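Consider the two complexes below, in which chain A is the common component and chain B and chain C are the respective partners.
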Partner chain A sequence: MLADFNFRIIFEYMPLFLNGLKSTFLISIISIILALMTGIVACSCRISGIKIIKYPAIAYIEIMRSTPLLVQIYFLYFGLPTLGLRIPEIQTGILALMLNSGAYIAEIIRAGISSVDEGQIEAGVASGLNYVQRMRFIILPQALGVTVPPLLGQAIVLVKDSALLSLISVAELTRSGQTMTSERLMPAEAFFTVAFFYICIYLCLKTFSDWSQKKLIYREAY
Partner chain B sequence: MIQFKNVNKWFGKLHVLNDINLEIKKGEVLVVCGPSGSGKSTLIRCINRLEKIQEGEIIVNKNPVHKRSSNLTKLRAQIGFVFQQFHLYPHMTSLQNIMLAPVNVKNIPKSNAEKIAIEKLEQVGLSDKSDSYPAQLSGGQQQRVAIARGLAMSPEIMLFDEPTSALDPEMIGEVLDVMVNLASEGMTMCVVTHEMGFAKKVADRVLFMDEGKIIETGKPDEFFDNPKTERAADFISKILTH
Partner chain C sequence: MHLKKLALTIMALALTLFLSGICSAGTLAEIVKRGELRVAVQSGAPPRAFVDKHGKHTGSMVEFAREMANRMGVKLKVLDFDWDGLIPALLSGKADILAADMTPTLKRALKISFTDPWTYVQPCIFTSTKKSYQTIEDVNKPEVTVGVLLGSTGETIAKKYLPKAKIKSYKGGGRMILQALVAGHVDAGVNDDMSVLTQMPDFPPNTIRLLDKRLGRGKDPLSFAVRHESVNLWQWINLYFKTIRADGTYDDNIAYWFESTEWKKEH
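Up next, the complex of A and B:
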């Protein structure tokens, strides 16, 4: 079986794969940064007491979490142009990943904030600190520690989800596997290579995650 | 200095504060006791509006606390609050815990705030623990840092909500000592506690609550030795038997 595995073809197609890897990498980075911003905004709206911004935020988060990412991608890619809004496929893909992950990130941040003990907030209130000061000095530093690991988990999910963009013909990593398969009919080699590169990205994020858990979480005890 | 006028408060259907009338004078040390659920914690939490009241008036230093328009930040800056569970910020050292409010609420420059913080740590006998994190301190030490944190705002009133109830017996003394010193310096204090020794030593007045009402007030010796009401006598006999 292994004798049938053609390593040479992998090297022949390496430029295509590296190109795909580069796209996946860039798309993921941009999407993660945008999703983080979206998540922070959505979470701030979600936990605010102002109804006009709270309820739209809840609606956004719930819609994103209750529909498949593929449906969201198809809606943006096929649906928006029929409504008169035409966006290139890469931007469409980034938009979909940003909106989808943004909703999950909003909930991750909210969980981190609500994990901080009520008494901490009371202590801040009692000493006269205002809302922004309590957030900045008391709540967020403590929430950060519990938020970073699931955030990096979400980043890993986003990288893997970006494979779905191949379905709207974005030339990313999975798409390069599809291209090679259709040209040479060698799906084993193609998707073995694709998987290998995803593992590489995963390991990079994982290393960063482990490092950050050591560095960023304040020490409960010594 | 603190005035309650016909104060009523409900948690849902539960009438936690039932027509409270009370005046606490400058420099007075008031001990509040009573069975659990009697509203004693709620009573002192209303003074800096950690709890809102539904009826009546609370006036602290001529500040109407019950009104929406009252300047809460300014009010709270004058009132130190010590919690049963300390609530120190776990990601900050003792010194940082104490400096946070003076620097950010009173806009005191950092170097001055640090001086004040060191001074207050000395006052509670913990000058060697300035760089320790709460998790490195014992319960008694944490509570003393929490008291120093309250004092750093140079408050006119200190409120204590069962400050020794979460402590091991051997650590209660060190916290009470700090509070006794504070009382002898003339601080206006309102303390929810069952520590009779403390009450007898420093309290000007003991207030006994049950089911949201003030049942009895009196001098500590009179109250503990000769309670006027049966409910108070019953309560005292229960905390004394063991």
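Up next, the complex of A and C:
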């Protein structure tokens, strides 16, 4: 049966796959950066003592974490237009991934910050450092080092979640596989190739995270 | 070390996938021995195949399949798949017959065998009542976005007749194009007219309309399909349709499902 595996067709469809890879990559990178920013903002609001920004942040984080991403995508794409706001599909996809991952990232960063020992903050206060200085020199350097591995995990989840965008007609990697399957009826070849490219993206992210983690720990040691 | 392990896992997975395919000598004999005819359908396409309000699989195609099972003297088992899952289900032996809104194309026939067409449909262009399009030329413009179903005949036809328009492919049944049209993500859509006409009542009245001129050269056939090696079953299905055309069963089915709306009361 293995003899039926058709590599020629995979090469014939390579331009389609590379196009899909390109848009999955770009959508993911943009979404990861935006999600990181959203996460930092949401986390700062979440841990601040001011109630008027704390409670909306909690609501946002809990809503995003308790609803499926597909529901969020369908709501943004099919639901919002009936309420009078229409966003094109790629922007909808980036927005959904950003909002969804942002909530998880906020929680990851919050966990990182709360992992810093209380005594160190007290020592900072005792040394006369103000809030910003304590954050910059004591808490964040330690918190960031701890959060890099779970942030990478979230980035990988985001890349895989971007496959759902194929359902709102975004021409990304999974959609390339679906197109090839529907045109040539070769799901084994199509999704094998799609999986291969996802593994490539994963390995890139992993290399980057290993490198940045070393970098962070090295720099902060001095 | 890490990569080597990964490669091994992938290879083991690929091997299992390929070995799980089933080869059988006589599908027809097997069905009779098993006492069950397994048919793969895609629900959500009334009146051809859908789940009715009693939760039962029915529709013109499903009833043809049920009658097939009756005449074979076996039970019918309906397996519901998404469009992409239909052909793999047939090829892997999960289903004996594929009964979907499938047009026999030469490309698909490289993988599966189609029976003689059992009915014909006409692809049409539909649009929102807010748009002023009247002819195919009005829609065939770079600023117009047309929604189709991925892998459907509508997609092929739209690319052929509306080469200047921007095409967006959706998944999940014809309803998704209507949904995208109502939401304003597409300006028009292409699908077969029977699907559009039966799905239109689910949307607010006077939001969707069909252009008068149909696409394509007349009519588009729909066929049942079997695996290449199921030659005996393929011949049996062709003989079955000849027989029921002769004894009137075929006309009754078509009249009930396509020429009246009586079925809407019962299902």
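Quick note on the criterion: the second predicted complex is superposed on the first by the 217 of 222 C-alpha atoms of A that agree within 3 Å, B and C clash if a C-alpha of one lies under 4 Å from a C-alpha of the other, contacts with A are read in each partner's own complex, and residues count from 1 in each chain.
Convention: a residue touches a chain if its C-beta (ideal position, glycine included) is under 8 Å from a C-beta of that chain, and two chains touch if they have at least 3 such contacts.
On a predicted model such as this, the values are computed, not experimentally measured, just so you know.
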item: Touched partner set for A:P141, first chain B, second chain C, both or neither; value: first
item: Superposed model, chain A: greater residue contact from chain B or chain C; value: C
item: Touched partner set for A:S166, first chain B, second chain C, both or neither; value: second
item: Chain B versus chain C as contact partner of A:Q133, first or second or both or neither; value: first
item: First, second, both or neither for A:V41, with chain B first and chain C second; value: neither
item: Which superposed partner A:P187 touches (first chain B, second chain C, both, neither); value: second
item: Touched partner set for A:Q178, first chain B, second chain C, both or neither; value: second
item: Partner chain(s) touched by A:F78 [first = chain B, second = chain C, both, neither]; value: second
item: Touched partner set for A:V125, first chain B, second chain C, both or neither; value: first
item: In the complex with chain A, residue positions of chain B that touch it; value: 48, 50, 72-74, 76-77, 79, 81, 83, 85, 87-91, 100-101, 104-105, 133, 135-136, 149-150, 153
item: Residues of chain C that touch chain A when the two form their complex; value: 6, 10, 14-15, 17-19, 21, 83-84, 87-88, 107-108, 110-112, 147, 150-151, 168-172, 179-180, 182-185
item: Footprint of chain C on chain A - complex, ascending; value: 1-2, 4-5, 77-78, 81-82, 86, 88-89, 166-169, 175, 178-179, 181-185, 187-188, 192, 195, 199
item: Interface residues, chain A side, partner chain B - complex; value: 117, 119-120, 122-123, 125-130, 133, 137-138, 141-142, 218-222
